[in-house]
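Following this message is one structure expressed as structure tokens.
Note that the chains are named A, B and C in the order they appear, and that numbering of residues resets to 1 at the start of each chain.
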Amino acid sequence: MSVTDYTNLGFTTIRVQLDGAIAVVTLARTKQRNTFVQPLAEDLIKAYDILDRDDRVRVVVLTAEPDAPAFCAGADLNGGWERILTEEAENEGEHAHRDSGGQVTMAIFRCRKITIVAVNGHAVGVGFTGLQLPCDIRFAWAGAKLAFPFVRRGIAPEACSSYLLPRLIGHSRAMALFITGATVTPDSPLLDGLYYAILSKREDVFPAALALAKDLAENTSGTAIAVTKALVWRGFDNIEEQHIVDSRAIRILARSPDAEEGAVAFKQRRAPKFADKLSRLSPWMPWWREINVKHRKSRL
Amino acid sequence: MSVTDYTNLGFTTIRVQLDGAIAVVTLARTKQRNTFVQPLAEDLIKAYDILDRDDRVRVVVLTAEPDAPAFCAGADLNGGWERILTEEAENEGEHAHRDSGGQVTMAIFRCRKITIVAVNGHAVGVGFTGLQLPCDIRFAWAGAKLAFPFVRRGIAPEACSSYLLPRLIGHSRAMALFITGATVTPDSPLLDGLYYAILSKREDVFPAALALAKDLAENTSGTAIAVTKALVWRGFDNIEEQHIVDSRAIRILARSPDAEEGAVAFKQRRAPKFADKLSRLSPWMPWWREINVKHRKSRL
Amino acid sequence: MSVTDYTNLGFTTIRVQLDGAIAVVTLARTKQRNTFVQPLAEDLIKAYDILDRDDRVRVVVLTAEPDAPAFCAGADLNGGWERILTEEAENEGEHAHRDSGGQVTMAIFRCRKITIVAVNGHAVGVGFTGLQLPCDIRFAWAGAKLAFPFVRRGIAPEACSSYLLPRLIGHSRAMALFITGATVTPDSPLLDGLYYAILSKREDVFPAALALAKDLAENTSGTAIAVTKALVWRGFDNIEEQHIVDSRAIRILARSPDAEEGAVAFKQRRAPKFADKLSRLSPWMPWWREINVKHRKSRL
């Protein structure tokens, strides 16, 4: 495999910078308040798909310019809803539509690296559902306005948020947020538990996220992280099957170079130097059934 | 369809008043502390079933008289458990029993309108499980005593509460409440996240609920709300299937009159005037399999 | 059945003391910081399996000596990971491994009595996942250091914790704890909702747990508790099936001696005297499918 040069992938709506094991993805439609348009969706899907498979990358931090008017102002509704509707659905029927917000959500959700989002500005709609919910860890600016106005615009929460938000913070809070179409700040009791840290100064949000990213890139095992994420999100609905699958995970990892290094470093009371590669991980993953989300065209 | 007159439906244990798009259901067994008896169950099931299908209704607020001795004092145990046991189960066997508390829970749960409960008094047993948990949004009086004494009376939590409470606030808090058979007030850490707002004055609870009801009746789309509720409670157990179903929901709604109005109102920076009717919503719903809960008699 | 003498069961790593209806299980590897070794796993599995079926026992409290250097310092890594790997997996393949932490988790999880843990010291790894998460109610010392360093050692969270923790406190907090491999104290916002009570003095933790145990042993019904636990953890993924199963549970319990006593005691305004035995409970339980977790040897 040739080495990926992230400055050379043709991104027009984001910047991707790799520094050591940390990739920073910066939304680059600052003048347009980082509104969510099709090219942005495509760039994000492409970026997370590559970052997922680039062995150099351990942590991905998504953020916006700290002086942008918004982290992401959501879909641009000035032209109505037409731009979110795909041609395929027009030709094939409503069942053929695939929401671009959800495609971004899934690209982040499926990324086996540590995914962090540094919400250093206001976020509306998909700027909350698609860019924040699928990440492992969320940092936010205390002054960020977070708006979920779906039902106040005549549509429903998208981007798989009706799957993620109830699981992340419980159905009670999730339903209250969705039904009221609320605008809140990160310290709202309705969001309790969603943010890992809330920073009072906007310019402190990204550095705080980056500091955690550096700690985790240096001191955690990439294979262990990938398995952990899968166990949490792709586990079973009963404890017995989870026992069978986590036993196998433990057995595979305990025989891996990273676990050996982890035990030796622990014994020597020093920081570990993990060197295993995710691309080497057992073909046993994925153990789950993954539903095909592609629409198969029915007309010539 | 003729226009429903809620004062003329023969309710004896509740009052239903329709004011614009808001229906207020008031428990009317004040002298009996609103204990839960079979006629009350039947009135509530009938009311929510009709309110669900009455296109005029956008929000249903359930409450009690603010000077009632209790919001709902639970089942009346003075005659033992006999009155909660149905004749059908006596004849057919234990598997034929259907809990009336659960039937009320399901009637509220299945109502596709916004369901709010204003708990302006003490609540015991089914007054918590059946009347509060299935609602979308809960307001409570800070002084309300909430009691779940099931295991202290020799029975188990009913009314589908073992389904709803763990999902609403997590298994840890739900299990602690059920196992201890606790009596708490709404600000208990064990209930954290369950109530949308807790009011210190009893007489402020219903007005606060009504104010939110008015905002939501005016500024949200009824079709969007119905789809949102279904996505949250009738979604899939994996993100891919949720993506397929929420994509279709977005596509259907984005082509609807309410979404068009939502986008135009947004562009014109004015409040929307949603006029779509829930009865017009795509026959695509329900997309889920709904288990038949009726017992089929096996004896002549 | 002969009466079990818990002092005579050959336990070497725990002490089990039965006082009335309350069994106290004390970790007895104090000098070894209660590290988790195979004999400890075997003793705990054996103890909870018997306590589950001993009709005298209503509540099980798990704790450590209050002056122990740790509640449980996790797996002993000084010899690397070898000691957690079973011979069977070496011979049969990675799929044959069964994690001993998970076996303890399941023994506690399956115990139909009230399970309380009094965390009166530091806890690492399986001392958190295996000994705390499967319990119904958790008490903790405010000064206890709780560490989940899995990903910092090259392995993944074990002992079914990827099943339990997201359900107990939500996926957002659970993922943050697992991914960061954090060390926190019980009052961490990341653990919000997990502990029933947090005590500032270490020596107060066990007495507080014991006081609740006494209340619950005296004033709750053992059959009602067993059914409640099953409804919460072995319920269905849709409200209709839960209605069918909790209706049957209510019907069975309402006809039981404990419910009769519960109603009479309520009417007479006195504390109940529950006398029913769990061993008498309807063979209708378990209603759920329980996956076989045993590995079937494929080689002679």
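Keep this in mind: a residue touches a chain if its C-beta (ideal position, glycine included) is under 8 Å from a C-beta of that chain, and two chains touch if they have at least 3 such contacts.
Values in this document were obtained by computation on a predicted structure and should not be read as measured data.
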Tell me the shape of the graph of touching chains, choosing from line, ring, star, complete and other.
complete
Chain A onto chain C, same sequence, C-alpha superposition: rotation to the nearest 5 degrees is 120
So, in whole Å, the Cα centroid of chain B is separated from that of chain C by 33
List, in ascending order, every residue of chain B touching at least 2 other chains.
169-170, 192, 233, 237
Which residues of chain A touch chain B in their complex?
77-78, 80-81, 84-85, 89, 94-95, 97-99, 102-103, 105-106, 109, 150-164, 166, 169-176, 178-181, 189-190, 192, 233, 237, 288, 290-293
Sites on chain B touched by chain A in the complex
114, 136-138, 167-170, 192-194, 196, 212, 216, 219-221, 223-225, 227-229, 231-233, 235-244, 246-264, 266-267, 272, 274, 276, 282, 284
